[in-house]
Every structure is written in structure tokens, then in C-alpha cells.
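Below, subunit A partners subunit B and then partners subunit C, in two separate complexes.
Our next item is the complex of A and B:
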């Protein structure tokens, strides 16, 4: 045992090893931070088929183990870091994890994905997921090296940002690169900022619904996993390779994924601008300033403006993630993670910053501190608008903060991360801060009444995502983005401003995202036909997994999460956008398109099609039966069927 | 001041704008934009012009249309005069001089 270890886990039983489907380690790693107890828990092949992994597994654990009085900050809340059956196999982008917990923003369910190497390392160590409960008496990190699983003193890591934390742990263990995966919280998580995130492997962020605040409340600074040495077998290795090749070919050549393969999410900036979906200055306009040439924001230009190199995740061949160097200015020479579209949006356009170098720098500051870049964008933009219009004063903030000021935004980030001054209120997120100030301040804030942060789009021109964000039970989108919709019987195109058609599409694609988030695979590399993904899953596990089963599984998971949220008191009454979020654009390509006029009808259609009761939000008895969820009937409807 | 009178020649041309990664399908770099002046005769629709245009580029033709080749598929967004199809124009709306059809990659997010 390491001299710094507090606890070591006991040996794990392997009673049913011969029955474990391919692709699975067969065990969950359980950690009770209060008592320091660590143990492994086998799970059955039947449960693997039913709950798969990722959010599917996490939803079931959350429902079973986190009761309605266990709020996000209660020690009995669970923090579940789950992989899936494809993690660690040679399918592109299968190093990820899905974080499931009761989150701080909505005080409801959370499912948020990140990638890198964590999932593969965990599987190679012999575990399919980590389930963390309790609260450590002092700050700890969780160290996993095959059977050696230890809680280690982490007080020396306090105050470090996420990149510094990974640097420190890499130095302590003498391991770096792909040999040690570290996911940690930064100062924001330590100080329970409600939109704190969990960041890993230099640039991958599980960002939604305050999962970093949950980790901070548990006094867990980091989880670090040495790349394990356990064998991980597929039921049909040749079949996995064949399916993986087909998926890779699809991603490289299919019109739906080709740009993603080559440029990641960078092309979205100009594409979304063209459609009025790029959020600019806290939704106050959809037009770029006259001095900005949008051609400079094309994907290749954004990438080639920096010295850069690929920063691929486990087993991934996409030209997506990159590390780059700040080329000029005050921070010249700093390494940063190339922003995803969400970073260009949240650390850039949403706060009026149109200098790509400044955005790239600020985006990594946000990851390091470590908060959700979407929520930070809405919050910072709201503060900037407040300084301009007067609902927040310079005296309140302690300094001036104008549109586009990246250095000022970084200063704001520090205030928030350490809950200093006005930062203490802002650390509650824009919804709670705006509700506290009221009046014009509340009118200008972008949020859902549920508390979930919208993604970095102007959803007033992307109604599918606004409907999805408001009705989701995951603290973020749970159905979007539409991909290969004809595969599930939907029309290839809809009018994006026809509420009825939008609601039909959002309801119709329901389930696919939950399925993807249960595999241990990146949602960008599952942007292929479900048929291909099911082939990979079947080859990995030895099951015959069909497209129909994948959709049914996803919808089953969605219904469990909805039942969880209803039990937490989160129902249809909060499935609405804030005043600004649901307003009508006054300029740009979506000028005059008023979602507010169609919102009620959209909800009606969505509820009918997903089979939930419009008034109570509950999945109807016939829906439960269809999904194989009879066991939820009594909880939802008060009597056994 | 009313609309400027168009000469007959000008009135029979529209612009097809191919943006960003869709340029790959017409031999471009996958970035920037390419514009084409497309002639048409009175009464021709958005569909007529797009079918003729994509007919010159097999990769675009495969990506733009669904299996029936009559309707737009699910991967490329079509805008007419900066409005998505369905708002001011459908595929069957006759074009007017100086109309601008934009082909844009549908997938966008992060």
C-alpha cells in the first residue's frame, strides 16, 4: 500500500466470468468516500443487456439509489463515471465516459459525456463503471491501477486548475500521455460553483448540470487511472474490426459526417451564422459586427491560424481534437485546446469576442478553472449586457467589463471560481443570479426554467434544440442532434420554423442519443447509421442487437430519467424557456420567427408522440408497458398493474 | 423608389452559392464559398435549377437528393435568399432573377 493511501479495495469475485458478454469487464467499482470502503460489484449479463452501460446503466443506479430527499449536495448522491461495451475496443472514439449524477443546476438527473482515454483505461483495469457515494472527511483523489485502488490524500492538489492537477499527478506517478488518464475538478468545483465541470486528459470536459460541483461536494479532487493490463475480449473480434472499418469509412465519406471528420466542429461557426443560429452578444443580435469578415471564421482558417497538432482520443482517426499554441499577444506561446464550436460560441460570440486568438485562450482558461463553457457564455454575456444597460454596475462587479473583453471575462471567471464579491452570486449560474436581481436583469438572462444551460446556439433559430433542452431530463440535450433521421422513419427534411414538424422530429429521434451515450463511444464517432453501431455492439458482445432494440433501449432510459426527475419534483411546469431565451429574433436570417407563438402546440405534439401524460409529465402506463418498464408503474401511478 | 428594372438577360439568372464543406462535392477545398451564375427560363423552379446544377457534379448529386432524386436528402441545407427552404420558397417555387440559392452543410454543433 502506498504511504499516502487511506484505503485499499478487497479482492473482487469472478464467479460468473465465463458468462460475461464480450466487451464488458463485468464489474462495477464502488467507492464510499465517507467510510473509505472500496469494493467491486459484479453485474449480471441480463442487466448488461437491459442497461448496456453509460447513461443506461447510470440511470438505473440513480433511480435505485438516489431518493427524492437526496439533493445534489447530499453525501448519498451518486457520482457515476460509466463506460460501455465499446470502450477500449478498436472502434473510433471509444475512450470516453458518461457522467451520471443528480446535478447542481437542475437538482435532477444528469448525463454528460467526455472523451480522451479514461474509458479505455478503466476497462483495461477491469471495471465498466465507477460508482462514488459519500463525502470524504478530507480532500482525496481516487487512484486505480488494476487491482490497486486507493483513496489518496489530495490536499496538495487544492487550488490547482485541471491541467495543473493532471501535470502534478503525472509527475507523481511518472506516467503521462496515454498511460495515465486523469479527470479532475478545478477551483470552481472545489468552491461548489453550480456549473462546475469535470475535465480530463487536457481538454475533454463533462460539463453539464454542475457535475463538477457534485464531485467537489464529495471532496474528490481527481480520479486517475493507470492504463490497465487486463484483457478485454470481443465476442467476435473480426466482426468488430469489420464494423469499425465501415463506421470509419462512413465518417470519412458520408455527407453527414465528412466535415466533422476533417475539421471537427469548426465549420459550424460560419454555417450556423448563415442560419441565424450563432448566438451573438447574449441574443441581442444575429448579425456580426461590420469589421468582422466571416470568411476568417471558416474551419480551416480557424485551425491554420495556430501552430497545432492532433490530440486524438483512444482509437480515434478523426481530425477533430487538436492542441494549439497561442501565436501572438500577451499569452503568446501558451498551449491551449482548440475550441470546439461550443467554445468559439461561449467564450467568443456570445460575449461579443471576435478575436479567435483571444477566444482560444479564454476557452482553455474556462476548461482549466473548470466550468461549463455554455453557462459561462450566457452568464458573462448577461453581465456584459448588464454593465452596458445598467442592471449591473461597475461598482458591484469591481471592474469594467465590456463586450468582447476576453481578459475581463477571465477576471470574471476567477471571481466566480473563488466565489469572491459578486462572483459568489454569479457562481449560482445565470438563472439564479437573474432571478435574484429581477426586473430587467431577469428579462435579459438566457436559461431554462428547469435550470439546464442551453447549448451554444441561438435556439430561437433552432427550435428542435430549444424544445429538446426544455423537455430533457439530462440537464442538457437528450435527443438532438438529428442524424440519419430517415433510418427511424422520419422525413429527411422539415421546416425548422414549423412547430408541429419540429416536435415530430424531436420526438421521433428520441432514444438514439441515450443509446450512443451508453456505449462508451464519442457522439461524434457514432454519427453513422444505427445499423453500423448495432453491428459493432453485436460483434463486441455476441448479442444480436437490432436497430429497433437500440431505439427501445434509448427510450426506456429516457423514461427512467424522467421518472427520476418527477420524483425529484421536476415536472412539466418548468419545461419552458426564459423570456430572452424564448424571444423572437429582431434581425438576421430568423428575424420575426416567433417560437413563443407555437410553444404550447409543440409541447402538446411532443407529449403525444413520446407517450407521456401532458399534465403530469409521467410516462403513460401503455408507454411503460411498451418499453418493458412495468416496474415503474407503481412509483409513477400509485398502484401496481 | 421602386424596383430597378431588370434587363431580360439579367432576369433569367440566379446565383447558386456553395458554402464551406459542401464545396468538397464540387471539387473545392471544403472551405470558403463558390458562386455560380445559373441561367434559367421563366417558370423554372428551385428544383429545376438545382437538378441541373447538381447534374454536373455526381458527388453533389448523390449528397443533395434523396433516393427518389426528387426531394432534398437529409444532409445538405438549402436556403433561398437567406431563408431556409419552406419559409419563402419550396422546391416548386418559380425562381426570379437575382435569386440566390445557398447549399450549406446541415450538420452543425459541438
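Our next item is the complex of A and C:
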């Protein structure tokens, strides 16, 4: 089975090598799937400083190249797979990929991340990002091996899930382990499930806003990159290593990162449960069933309950990603990716499943069929509640589906990913399915009016993330985890149920996440002071990059994405939680805390502080000026300043 | 004396050692030129770094027709670039496949223990690579005996 080469790229020019700042490969790889044309495009050092990489670079390309009539499923939509200046360097967790596109869930901007080795492999091949446009006449995969870049026939890969796709491509190329990084879509993406995701390197998922549906629409089954042979220079290599060591020390010892270092996101299950943030049975309760001992859900227990082994991303020392083996039951011996917190919640608690073995198995099934685990949790939980209360019947579904039934959930996943029966409606995501059914069904669904799926939390007890999810322009959160907030002038602690303080915090930390997501790193390994990250970036590039510049850069990126969404017709009118999502918890630690009562005021405060117009949602002229975005003024306000 | 030891079960396959090594070898981050290489096993589930063990009976040294491989003060067999003619005989002689040929410089290259402070050991986040005192340079034999005994005892094939 030797794949057919459809197109071969001409050797790329190395014209401006001497000007490229350290940490950059200096070129973007452009692919037009319609025509099969592949070319490389150098980018300038000025643009590198201005747009950095990842979401920063992606936002600018998206704004410039995707017009308002180019919907998510239009061939002219761009699928941007970008990494950043730290990818491939020895800073921990620097295999990072940021996917930027016009996504299927919101039909607006998308920024969603995954890691593994994609970013490092791409950089060693000589590219900072891949920009994909058009639609292939037949299914293809993109193969990158230094200067040999080809579109290859992928029809034999159709129907394979993401792990099978990577297995098949590894076998075809005779490359195992991290010698080949493969990011692909599963059956869900092929069948344009609206919340389909892109998965790579066995367990890393760019999951948000239906980026997998965009890839499916383009008939691109996979992107596979042979670990390149190019050299990646840093302006001050010793400085990069020193900054990396300092960041590592911080991650190992700082209280805000240490449990992540030791156990990844596992401890969040019990930690968030204690705050009423663990979503249980489609937000119908915040209390664990009486037969569940929460001590069994402590991080160390979850890990040690399985035969497991570290499966880290590029250059990473966090004890985070692991591969594990299903120890018992029907699926005994199956290899799975250790669920993240989001998996324990989306494939577990949100659907009432409290058997860790079943959750671990289902979670990887979700990654393999390849949909967003959060949206799947909200959707599956909503179907289970519907069967229980009657807004969905067994006859409609074709089988019974009760709370906690992981096997049934896997069956539902198959229906959805192949769009069979009721699965065809459910493949549109819980928002669209619930709006179609209306009434009690709509009242029970967890979604944002914008279409973005909330993360696997009960945000009724985590107001900062609900506000962020509703106001963000990325199809998910955009403002970041409130760590080291004093560094940007915020108080170290707030009352989480004081809407005013929450809105101040969300607005105040704005910028940090966009910056992190532009570096080709991971938000867990950048959970140190911004100062340290800026030091690593400065050593890599030779710039003098300050905390102020990083925040300003992040906010500039946020404003570009906001302008993109406004141009797509997505404005403040949809910045609202659904009825269930914005409801008041009736039990548990956050019982009676009503975000609905403070919502309007929170938005007012947020808009004032971020400098956007409350009514139209547009960044105000003075905000644009402050961020160096004068070029956006005319587009947003219709006249020259 | 100090030797570079591998503890394969601790390796998570992050490949940070390759970055550090290539930086010491070439001044840039370029894993393709690292002389420590991480191999995947059992599909993608297990990894182990591997590099020159500086074996007592250096076949690379014996094979070299121009005497370009010498022993450094740190106890490493190292290629003297000025003498190496790039004939690749050493890469054929080495039973472990840990001496390489660089197409750019047209010379053989291998682990030189970074002059006594191996960067890979320093870079490894999980201590899967350690540089430590042993009674014999031939640590690999003890390792192999110990590992075989352990696997046999556990009933593995």
C-alpha cells in the first residue's frame, strides 16, 4: 500500500536566513487543497515580534484571509496549525500546536491547543505554521519530511479512528514513537460532526469549536510530520536552558503548579468537588452518590489504579500525560490515554459514571472517534436526563441509556460519529439539538448562546470561567487561569461569588492566555510568573520582551479575534449562558449562589475594563489606539480616525 | 570512575536529552545530530535513551585506520576531527550503533561525555540518565545480568 504522491513541493528558498530571530524557522507552509499547490512563505522579523506565533499569528491570518461570507464549511476557510518560538527548545512542554480557524460550533474564530511533538517536529522541518485552504477533490493526508511536502491519497485511512490512523501511517513510513507526529480526525470529523476534534500523538486533542469538522470538510484526514533534521538556533541558547531550568524549578515547587507537576490534572476531581465545581449528572446535583467514596478519586489513587507509564510531550518533565492499561472487565488489557480532569468529568461525572475504569476507557474512545470530550459530556448527560424525564424516548434513540452507562455512551458516540438515527441531530451539538426539541429539552441543556462548549466544570460555582466562556472570541476560554495575578496588579484573592470582583479578575488577567498560546508551549508548563516566560522568549529570540509587552500582545490578539467575530455577526447579544448553564445550584458547596442575578452587572464591569463598547461589543477607538491596532479602526467604526 | 548510566523504566520519551546533546554537539538544537537517541518500544508506550557506553574494548578505536579515536581525560572515546577522514569504518565496527557519520562535516561523531559533565543527564527531568561513580566501566554487563535475573524471576519471557 504505497501512497500516491499527488504533489511535490519545490525546494524552499533560504533567502533571509540571517535576519530570522532565534527560535523561529522563518517560514510558513501554505497548502491549497483544491489545486494541490504547496508553497512556503517567509515571514518577516517585524511580524514575528508583532504576532509571535500560535494564536497571535493565526488571528492575523484569519482576519486577513477569511471574510464574513466564508463560513466554517467554505473551502476558503483557513485551517491554521501554528506553533511558536519556544517549540522545539528545551523549555518543558514545547511541542505545542494551536489550531486557528473559523470553527463549526460558533461559526466564529477558534483557538484550541494540543501538544505532543507536533510543534517540535514542524520546527525541525523548517516551518513555524501550516496554513491550509481549499478542499481536496478526494481524501488526502499531508506528509511533511523537511523539504519534501506532499499531499498523499488517504482513502485507505477513511473510517479509521485517530489511533488507528496514526498506527497505519507509522507502519507505512516505518517510523515509530516520536519520529513521526500525526494529527488526524476520526470518523466524527469525516462525517462533519459539529464538535469533532483533531487528535494527535496518542492522546493530545485540539478539541474546541469543531476544528475537526473544518478539517473533515476540507477532506484532510491527517497531517503527518517526520521529525525534521533542521537546526533550530536560539539567540542565547544557554539563556534558554537557564530559563527552562528556572521555570522547571518553579513548577516543581510553587504551590500553584506543584500538584500539576506531580499528578497532572487528576487532583482537580476532588479539589473541584469540594468547591461545587465538579459537574455531576448534567448539573442536576453537586453531590456525589452515597455509594461513592471521594477518597477513591484522589489524584494518586486514580493514577495508581492502573498500570501506567509516563508519555510526556516534547522536552517535558511534568508527571502529567500518561498511557495506562485497562486493568479489568470487558476491555481488560486495552491501552488508553490517562484521562485529563476534563475526561474524568466529561466522560464520567457529567454523565453520572463513577467507575474510574469505565471512564478511562470511554475517554479514549471519545478521543479516537474524535469529538470534544466536554461537549460530548454535556450532550450525553442531556440525553440521559431526557430518557429519565421523557423529553427523549428510548424509541427515538433505539436503545436505553441510563445515568452512568459507559457502554451505552460509547454506543451513542458511534451513532453520533456516523450520524446514524438520532445521532444525526445530536451530531449538531447539544445547543442545536436542544433548540430543535425546545421546551423541557432546551431548558435542560448546557451551552452558551454563542455556541462555545463550556469546559468540564460546573461553572455555576466558577463564575470567572462562565463569564470568560460567554465573552470569549476563541470558541472556549480566552482569559486564562488566575495564577500569579499580583504580577499584573490584581489582588491575590477574590470572593468567587462577588460578580464585580470576578469580572475585574477576568478582565485583569486578559492577555496572558493568548500570549501563552502563541509560544508553542503548554499552559501547564507556563504556569509560572510571566517574567520567567518572557525571559525564555527573550533568550530564544534575542528580543527584550517584557511582561507589559506580553500582556499588550495578548490583548491585541484578543481584539483582533473580537473584530473577526463581529464581522461574522457574532456580538454581545449571544454572550449569555443557556438556562441550565446559568442556573443556581440547588445543593452542594455553592448551593443558592445565583450568578443570574449578577450577570448583567458582571458584563458591564467586564466591558468597561477591557475597553470594549458595551452595546456593540466593539473595541473602543482608544482601546485600539492603546493596543497599536489603528488599522482595525476603519473596519470596526466605519470611518477614518 | 564515573559512567553514564541509563535507567530505561524511568524514561518517558520526552526527548529532552536529544535537545541538550545536540546543543553540546553543534551549538544549536537539532535532535538529528544528537548522539544520544531515544528509541520507542512496544509501539509508542515505552521509551529508552541509548548512547555510547564507552566500552573498555573500543572496537571503533580498533577499526579506525588513522587513529582518530582517542580517550579523553573524562574516559570517553572521542573522535579527533583533524585526523578523521570520514571512512565510516568505526560506524560499522561499533556493535551498539552509537557512533555516527555527519554528512555536513563528513566526520564521524559520538558521545564524548561532554568533557565530564554530560548535558543529557543534566537535562533529563526523570533521572532516566545518570552520571555516577561505579567500580567498573563495564556497568552494562552488571546491568544486563541484573535485568535478566529480574525478568526471569518475574516470569517474563
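Rule of thumb we're sticking to: the second predicted complex is superposed on the first by the 638 of 641 C-alpha atoms of A that agree within 3 Å, B and C clash if a C-alpha of one lies under 4 Å from a C-alpha of the other, contacts with A are read in each partner's own complex, and residues count from 1 in each chain.
Keep in mind that, in the parts below, contacts are C-beta pairs under 8 Å (C-beta built on N, C-alpha and C of every residue); 3 or more make two chains touch, one makes a residue touch a chain.
Since this is a predicted model, take the numbers as computed values, not measurements.
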Combined model on subunit A: subunit C and subunit B, fit or clash: fit
First, second, both or neither for A:456, with subunit B first and subunit C second: first
Touched partner set for A:493, first subunit B, second subunit C, both or neither: first
First, second, both or neither for A:229, with subunit B first and subunit C second: second
Partner chain(s) touched by A:251 [first = subunit B, second = subunit C, both, neither]: neither
Touching partner for A:300 - first (subunit B), second (subunit C), both, neither: first
Broader residue contact with subunit A after superposition on the shared chain, subunit B or subunit C: B
First (subunit B), second (subunit C), both or neither touched by A:176: second
Partner chain in contact with A:272 - subunit B first, subunit C second, else both or neither: first
Which superposed partner A:335 touches (first subunit B, second subunit C, both, neither): second
Inter-chain angle, subunit B to subunit C through the CA centre of subunit A, in degrees rounded to a multiple of 10: 90
Touching partner for A:89 - first (subunit B), second (subunit C), both, neither: second
Minimal inter-chain CA distance - subunit C and subunit B, angstrom: 19
Complex contact set, residues of subunit B against subunit A: 19-21, 24-25, 29-33, 63, 66, 71-77, 79, 82-87, 102, 104-110
For the subunit A and subunit C complex, residues of the former touching the latter: 88-90, 92, 117, 120, 124, 167, 170, 176-179, 202, 227-234, 237, 241, 248, 309-317, 323, 335
Complex interface listing, subunit A residues touching subunit B: 254-260, 262-263, 265, 267-268, 270-272, 274-275, 277, 295, 298-301, 340-343, 345, 455-457, 480-486, 492-498, 527, 589
Residue ranges of subunit C touching subunit A (in the complex, touch as defined): 11-16, 19-20, 22-23, 26-33, 38-40, 43-47, 123, 125-126
